[in-house]
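Mind having a look at this structure? Questions to follow.
Read from first to last, the chains carry the letters A, B, C and D; within each, the first residue is number 1.
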Amino acid sequence: MAANTWGELFRVTTFGESHGPAIGAIIDGCPPGLALSEADIQPFLDKRRPGQSRYTTARREADQVQILSGVFEGRTTGTPIGLLIHNTDQRSQDYGSIKDQFRPGHADYTYAHKYGERDYRGGGRSSARETAMRVAAGAVAQLYLAQRLGITFRAAITQIGPHHADPTAASFDWLRVPNSPLFCGDSDCETAAAEYLKQLLKEGDSVGARVRLEVLGVPVGLGEPVFDRLDADLAKALMSINAVKAVSIGDGFAVAAQRGSEHRDALTPAGFSSNHAGGVLGGIATGQPLIADVAFKPTSSITQPGITIDKNGNACEIVTRGRHDPCVGIRGVPVVEAMAALVIMDHWLRHRAQNADVKHSLPTIG
Amino acid sequence: MAANTWGELFRVTTFGESHGPAIGAIIDGCPPGLALSEADIQPFLDKRRPGQSRYTTARREADQVQILSGVFEGRTTGTPIGLLIHNTDQRSQDYGSIKDQFRPGHADYTYAHKYGERDYRGGGRSSARETAMRVAAGAVAQLYLAQRLGITFRAAITQIGPHHADPTAASFDWLRVPNSPLFCGDSDCETAAAEYLKQLLKEGDSVGARVRLEVLGVPVGLGEPVFDRLDADLAKALMSINAVKAVSIGDGFAVAAQRGSEHRDALTPAGFSSNHAGGVLGGIATGQPLIADVAFKPTSSITQPGITIDKNGNACEIVTRGRHDPCVGIRGVPVVEAMAALVIMDHWLRHRAQNADVKHSLPTIG
Amino acid sequence: MAANTWGELFRVTTFGESHGPAIGAIIDGCPPGLALSEADIQPFLDKRRPGQSRYTTARREADQVQILSGVFEGRTTGTPIGLLIHNTDQRSQDYGSIKDQFRPGHADYTYAHKYGERDYRGGGRSSARETAMRVAAGAVAQLYLAQRLGITFRAAITQIGPHHADPTAASFDWLRVPNSPLFCGDSDCETAAAEYLKQLLKEGDSVGARVRLEVLGVPVGLGEPVFDRLDADLAKALMSINAVKAVSIGDGFAVAAQRGSEHRDALTPAGFSSNHAGGVLGGIATGQPLIADVAFKPTSSITQPGITIDKNGNACEIVTRGRHDPCVGIRGVPVVEAMAALVIMDHWLRHRAQNADVKHSLPTIG
Amino acid sequence: MAANTWGELFRVTTFGESHGPAIGAIIDGCPPGLALSEADIQPFLDKRRPGQSRYTTARREADQVQILSGVFEGRTTGTPIGLLIHNTDQRSQDYGSIKDQFRPGHADYTYAHKYGERDYRGGGRSSARETAMRVAAGAVAQLYLAQRLGITFRAAITQIGPHHADPTAASFDWLRVPNSPLFCGDSDCETAAAEYLKQLLKEGDSVGARVRLEVLGVPVGLGEPVFDRLDADLAKALMSINAVKAVSIGDGFAVAAQRGSEHRDALTPAGFSSNHAGGVLGGIATGQPLIADVAFKPTSSITQPGITIDKNGNACEIVTRGRHDPCVGIRGVPVVEAMAALVIMDHWLRHRAQNADVKHSLPTIG
């Protein structure tokens, strides 16, 4: 019952508005003994940070994270980790002109109705700025999972508008993703998409994107049954990211056209013969890579004028100035990794709570 | 932290295995004063019940629900509602031959690894039989929401293998869905799909499906921000249904190819000009219909032999007998409606907890 | 957010009214691999069962528990354990005459105001009958904790009206408690209290009681900080038992008169020099016995007429017939043990979720 | 599952150590539209602040609270309220000498065992400094409850060592409590206790205390049944305060000696005839004042040397320097009020979630 908290055992609670003095988070439940400093978290934030390339918003935030508690002499103590990022570039004057209008495609109309009050500066709480704290908290989870369990996370752009990259193709190189300004693994796709984005910027428009997520090293047996399946929690985590409109696991919507004889992955002593399932069966990890795809809608804030109403119900034209990305999906890539890490971390703690004393000699083929 | 509980304020906790003596649920948090009897719930269960047509499993369960508590003199009292369904047709002898093998596409291998113990009879807890209690609990939510808020739920098959029905086409009739053996709104699609399923049964194979969900009458402002967005919770709820591999909201994966100028729905005094968003912005309902699509994978239990390993790690062939649906998506339709109702019901109670005293005079264009 | 659920990781959800067809519970989160049958749980229920002696209610319930799920081939599977007890002796005619009156000392008036609806038969949900399911669920926790961790629970009557037993005195024998009809460890106190209860029955009156709880074998380090301290959760668990009005840990209210030099328990290589703290410091177990005391109020249902109002607000006299205990504290003894077991079990799972990989070589003096 | 979070719907999550850079809290779930500024919260913190009189620790903290989010143009927006207090007087050199020893009566030994890591500076997370954030969050709850529902909170010292004040006596004046340096309502008791505390300071010793809490204006029907009773949650909340060892409701432990004919409070058209129950029946408020008593143990940090062991298990003498209160119960008074406010606030939101549409015409005699 906490809209602003993720997780049951590795709990991340965030606060902060786009144009308030600071955003922050509390991580409650991090195991003690993890080496952790601000310098360990910062690279994850830098990856998401605005102003990195011409394809992301010109807003320039240092996004320097501070650890306020929960770490002593370089290691986590098991007490809550307080994280804080000051907002340094707020320019709230950009937004004053639209305070009485509801921006189409944004949460202005829905927040106003829900709460009766609304911080109109840059979207307030509904701004994607909130995802910075997801990335900071996800960094802690990624550090723990990599060091203790060898679990790693990678995400990449696989579509921007009409331009596609196939993550299973030979031309797709995961190693180039971290250095790609579009987080794209295919150089042809990246080149074409970059041209496309330049054109969009000229036209004052934006575009959607598709992102592929892969989690490697998930141990077989991780996950929960029934309502809290690993894939269900992953679906929620990814759908909770600003602008995401679709989530699929493994073969996704293509399964509607598949036959059982084609879809089911055979088990052999040498491993699964395929991974149509995307690494999860009955909500629990098979030990294969966990595969998901996500769709981001196009940025709603564009410089082309839009049609809307004001708070008195009158029709009006709206022009969003501010600073925005032509394709929010790009900066969504590290957020996708972060949310996946929060899901896996929480499930790991839940799993060992119940099953730490399970002993068996079953074959592991993952 | 309860894999077998859905919801925070309208909490549904279920138990039961495919071949145990009974399955059951407790609903905790139902508002008092709702008229409720077993006869009110039974029609929802009958819709999902196996043995309804040749296209669903031949297992014959009466699925008669009993209310054990929480209702007095025909109305809910606000105390927990205990629901029970006895398993009447268990035939556990069907399954004994596969107790040492892991059925491909099923949760056998993952459950065995997670728990070290496994009830191999018909999938045990991982069987879709568990969804009967979702439907029973969802029925209570649907009754409340319809009577108190005028919110209604409808779902339909829109794809079975190569056969598609377009829910936005003139040929699609929502009124025919409840009486269609395939829960399909398009008679041509239904006829073709029925032929296709007959052929699959002959071949001992199965097929996936796509289901459209629509929720009508959701009030603007319903939902939560950040992690517990209405669409995020809906994504989890739907992905938690057995065999579901993908969930999308509004235009779904198509948004990756859309431009901002095309996607954003304009607000006008007469209403939204379109519904690309699928009825939710920033995680909170716009008042338009809530639109989602779901993909079900093909049934993994087919009579064609499969390749797998046994619990000693040896390769073996597996033949599933038992009784199964050629297309689990069909019986998934009422489960989709039920899960959506659980999501909306829980969000309604959460919403009024925080916002019951909100007063404003904003325009409503839903 | 579930008034009818106890616990985060070993979750117990109960349902059922005094005069409904059945009461039941779901345990979600029990570790797999625990040997469990109905015969293992039944002795715990028998201890609490009404009709055991002349000092407890004459209501005769077999209280035979059924396991409906979660156990396969004699061991828990990690899936939810469904428990059911049919109500066999309901006699609802006893209660019809008071359906329009609010019994003093009972929850009639408060439930009616909260819910607008009320099952007036025997107190409905507010009846102490509900505690039978706590005992059944607590039995599972006690079995696990005894077998896996060597943690044991014992509670005894230490006061009934003017008659006291000192649990630290030489005359107090814990071994006689299970066979004492009053669960009393001091034979003199038992004799005197038994006489006193006979007199009360003649007078149509009732009396309160005090219960001592001791938990032995709690490992040092178990518990949580800040809000979910082990003693805080224990206080809630015990205060949640019908008729309990006070809970104390260690020296309890006496600490208000103590000096720091007297209260603080010295640590020595041979162990703590005393246990004023009652086995917990900062919310976390010291490894010493966990000591708590609880006060039960006298049964409110007595045959002496009482003064009250009816649902129209008119003054009236009320005579409770039904069947009741002269001292509910007696049958509260196994409920105290059960609730303590639920607390320890839940904390054990929480503890290992976060701290399973903690390694250190600190001295243990517990 | 969040040891550092209180509440389900009005959720308060805190972080921070005694000697870290800052302590903070997030309130998630505060209703929108409440007038709120830092100046509204500060008086509550000032009441608890150290250095207020010679009877509380000499540590001088400004304890200036900052609101970082959730408030816009002077009113809460319904989004999370971030609160921060910088630690200005840390003097960590005071504590270095005891970093390898376990202070008796403190959580040093238990935290070290639980986490394997320990911030030894001033108790780290286990310091009572943490309660400042409870007071800040409780202030928001108290403001809401007073303005919207007319519910008010008051607590007072009723015992310090051998000196008692009877809150029901004519000599007890609630109006003098806020201005009393000992938060005491009886001037004779205050004078005697003040002398006693001076003597203790000379002797380098400390003493326990008893605190009475009263909540006025609680509406009949507020609370939950079974596990989450209002009194059970209150017991947990109060027992979770540092140094609290006992909690009672209404007549408390005295009920063990009472008869049913004496204890049960008669209902009359003019109101309840007495309040032995302390304002709650079956876990739900009767509308009478909610009455609770709490015992605080004496401060464990005293200047008299103590006996303990070090982290290698060797016996040693320990001398605590630092700055400490001779009687922590005094500064516990505003914390008791704060925790009660968090309980009532959370129950209010839970209550209206389920029961907002309850209609009845029952008599209210509160």
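Basically, a contact is a pair of C-beta atoms (placed from the backbone, for glycine too) under 8 Å apart; a residue touches a chain by one contact, two chains touch by 3 or more.
Everything quoted here is computed from the prediction, not taken from an experiment.
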item: Shared interface partners, meaning chains that touch chain A and chain B; value: C, D
item: Maximum centroid distance from chain A, chain identifier (CA atoms); value: C
item: Of A-D and C-D, whichever chain pair has more C-beta contact pairs; value: C-D
item: Interchain centroid distance [CA atoms averaged], chain B/chain D, Å; value: 45
item: Chain A-chain D separation of Cα centroids, rounded to whole Å; value: 39
item: Separation of mean Cα positions, chain D and chain C [Å, integer]; value: 26
item: Multi-partner residues of chain C (at least 2 other chains); value: 1-5, 8-9, 14, 29, 32-33, 78-79, 114-116, 125, 225, 350, 355, 358-359
item: Footprint of chain C on chain A - complex, ascending; value: 1, 8-9, 29-33, 78-79, 148, 225, 349-350, 352-359
item: Partner chain B, residues of chain A touching it in the complex; value: 1-6, 8-9, 14, 102, 104-107, 109-116, 125-126, 130, 159-162, 200, 205-210, 220-229, 231-240, 242, 245-269, 273, 276-278, 280-287, 293, 295-302, 304, 306-309, 311-315, 329, 350-351, 355, 358-360, 362-365
item: Touching residues on chain A, where the partner in the complex is chain D; value: 1-5, 8-9, 11, 13-17, 20-24, 26, 28-29, 32-33, 66, 68-70, 72, 75-82, 84, 114-119, 124-125
